[in-house]
């Protein structure tokens, strides 16, 4: 976290609160017939705090520039670090979206296999055992409790077998 | 007073059977498992089991649910300690100190402090429920919208202690509070029955569900954070810690008890009072107790780095809520929390409507329940929780992290899904999890966000209801002495904490360790 | 991995081979029913009370899924997207089908749904606190006339029939009564008990305990008939008003569900209601009135109240569609 990225965050926040003022509140609050007082109040708070944050950020940036010669405070948050979290986000998203069509068991199986790779699993066999066992256990617990998980081909097959 | 003891004796005779005790133990086991699995709430387990109580004996059914409730109230702290992933929202405050303590190799100590604090808080609140329920309920009833609004404002000031020490961090903390308030405005505005930030999606009408938000911001974001660490060094940086487990001696236990006693007592009472008020809940109580413990401690306290009081206070507080949230249910027939609403349903399934009538007509049932409630904490702790902790510790030693974290995601998703059986919620869940990750990367602490998210709507609603009652005259907040007193307290607390913070502000870019996560 | 693929393909093929069930031997598999409220409420317990008898009649399990949210709209919008094969239906309270579609834009059109039947209706009572100076509806209305804006009443939310019922009364009498929305009936009762509002209009179950404990005083029955809980309290009609507050629980299928299937569920509901255990539980423990309406009557009532509630919604400024 360096001063430059702090500044850009402050910029994004200020941008968001302006968007909120001029677009979101008129279209999503006022147009629906709700009172804009409270959303406006909260938004103003956000704007004030973001501005203060930016102000301090600028001060901080200047200090950092001065100190740069001494080799202090360097950026860490490069794109590389974010790779695995982003991959997790994509895989989880695909899982959640496909669950309704593929059913719980199959989609969870695929998710677990891929996610365990993202987390650096070395043994295929362990990952495979867990990816098969976990969805099945959860499915049967829910079945016993008479609650429904999204159904797909695998669930239909189980239903067919168990009647 | 003597009458209460008579009732208690009758209740004990009526309720203490092997079956009911078995029900408590089974319930506690289910509760502790559900509570310990991140994303799966004890309340979800209660809801799923509720339909099966149709065929059970009344007291058996209710003890079973009570056991689940109590077990779940404690169990969230287990995963909070071991993985920094709170199993339940109310354990979020506990993680602030129990995870750092665990990282120092004192896992047994932090798990046990959480357990004994839970038993302590639970017992104090059980006794308050038995002996002071009617007057406490009367007090809770008398607190109208203006008083509640003032009380919430006061509770919100506890947030200040959770902020970092540098000026930058204080601004970030305030931004995180406002973002929490903002997220809470999504949904129907109850005061006008019209939509705010719904974008035409019905599923958003009831707002972003609260459990979902907390699990996303704390548990899912932690998984993302852990994903970063893959390959660079050991996951969860736990392997190092495990190799040097520091034993927890009896002398140490005694010392910790003496050290935390003041906070335990205060938190138990604060938790019980907040629990008796409808709608505030265990998560808030835990944060308020944590904040109060921190506020009253000396400046050199090790809060955020494994101070035992930072575990004892929130755990005593959130467990105190468990019994006291039943006060409005039993004395007035008004369920004050989601769990109390499930208990209400359980009574109704058995053909009883909880409230003053039940207390008069069948005191033996209510007092039997009280007796069971009192023994639940001890029975649960000794028979279930202690063995459970040691099993968990064993599993923990040879845990395969590359399989564990994907498994956590599956548990969270299933837990969130089981709450409302709505696939749409899963999408919000994932989105918020990533937002939480980004916020943590930016050094914005999550607890203030959560507290604002929970308390914001209650504050807004009660303020507007008060204004509606007074024809828009703000005088209503000043006329009630309780509201006025609380408002003055809130302002004073805010000023004092801010002054203390700014006085300590030194290095500008200094981020305290616990908020970096 | 290859083996696995083979197994998976087999699963798929088998599932596709399962022939869709025909209407005449319906049902051949478990039926899913959405409950538009969270678990543990009156409606939920009632539905769960009749479910075992419906299962007995249908011969297949009924899986009840709680899908709360947006006054029931979340359940119905999910239902509207479901296949109309008879294996998914939803319970619905009258407002979900009648008032909410007039208050906000929804993704479903309630008039397109297939109305199965209605097993019961709710009863509503207007209460004041025990120590309140008002002993009759007339006194409350006189107070409201003399002190505009002072007569507050608790409701479980704006646009609920509890709110609209009293709003009709106030409009009819040309007095100003202020609705205060609370989060659910129990909280609105609590506000009366705590003396924060003057009156509250609540469904019976939420008030049973406080009323029997002697903390509430009923002024008038807002719904059509007298109820066993407060046998001496008169209804609005008896007091000379040509109005009664009506809301019922019903069941609906998605658009295009075949008539024989609808009929079968209707019969199952009727069968369950004829059980003495169900009747006893509804009357003595849940305080709701069993009142079977077949699909046609149910639909007619909904259409009729679309106009009645819509008119009041317009008066209070909540009608948008």
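In this document, chain identifiers A, B and C correspond to the written order of the chains, with residue numbering beginning at 1 in each.
One rule holds for everything that comes next: a residue touches a chain if its C-beta (ideal position, glycine included) is under 8 Å from a C-beta of that chain, and two chains touch if they have at least 3 such contacts.
Here the structure is a predicted model, which is why all the values come from computation and not from measurement.
Between A-C and A-B, more contacting C-beta pairs join the chains of A-B.
Greatest Cα centroid separation from chain A: this falls to C.
Here the spacing of chain B and chain C, counted between their Cα centres, is 32 Å. Our note on geometry: chain A versus chain C, Cα centroid distance of 37 Å, whole angstroms. Chain A and chain B have CA centres that are 23 Å apart. Of all residues in chain B, those that touch two or more other chains are 51, 191-192, 194-195, 421. In chain C, the residues touching two or more other chains are 64-65, 104. Within chain A, residues 32-33, 146-148 each touch two or more of the remaining chains.
Interface of chain A with chain B (complex): residues 1, 3, 5-6, 9, 13, 24, 28-29, 32-35, 38-39, 42-43, 45-46, 49-50, 52-53, 56-57, 59-60, 63-64, 73, 77, 81-82, 84-85, 87-89, 92-93, 95-97, 99-100, 108, 111-112, 115-116, 118-122, 126-127, 130, 134-135, 138, 142, 145-150. The part of chain A that touches chain C in the complex is made up of residues 32-33, 106, 146-148, 153-154, 156-157, 159-160.
Of all residues in chain B, only 48-49, 51, 167-168, 171-172, 174-175, 178-179, 181-182, 185, 189, 191-192, 194-199, 223-228, 230-231, 235, 400-403, 405-407, 409-410, 413-414, 417-418, 421, 423, 426-427, 429-430, 434, 437, 441-443, 460, 464, 508-509, 511 touch chain A in the complex they form. For chain C in complex with chain A, the touching residues are 8, 11-12, 14-16, 18, 29, 32, 61, 63-65, 104, 320. Across the interface of their complex, chain B is touched by residues 38-42, 44-45, 48-49, 52, 64-71, 73-74, 77-78, 103-107, 149, 152, 157-159, 178, 180-183, 186-187, 189-191, 193-197, 205-206, 208-210, 212-215, 281, 284-286, 318 of chain C.
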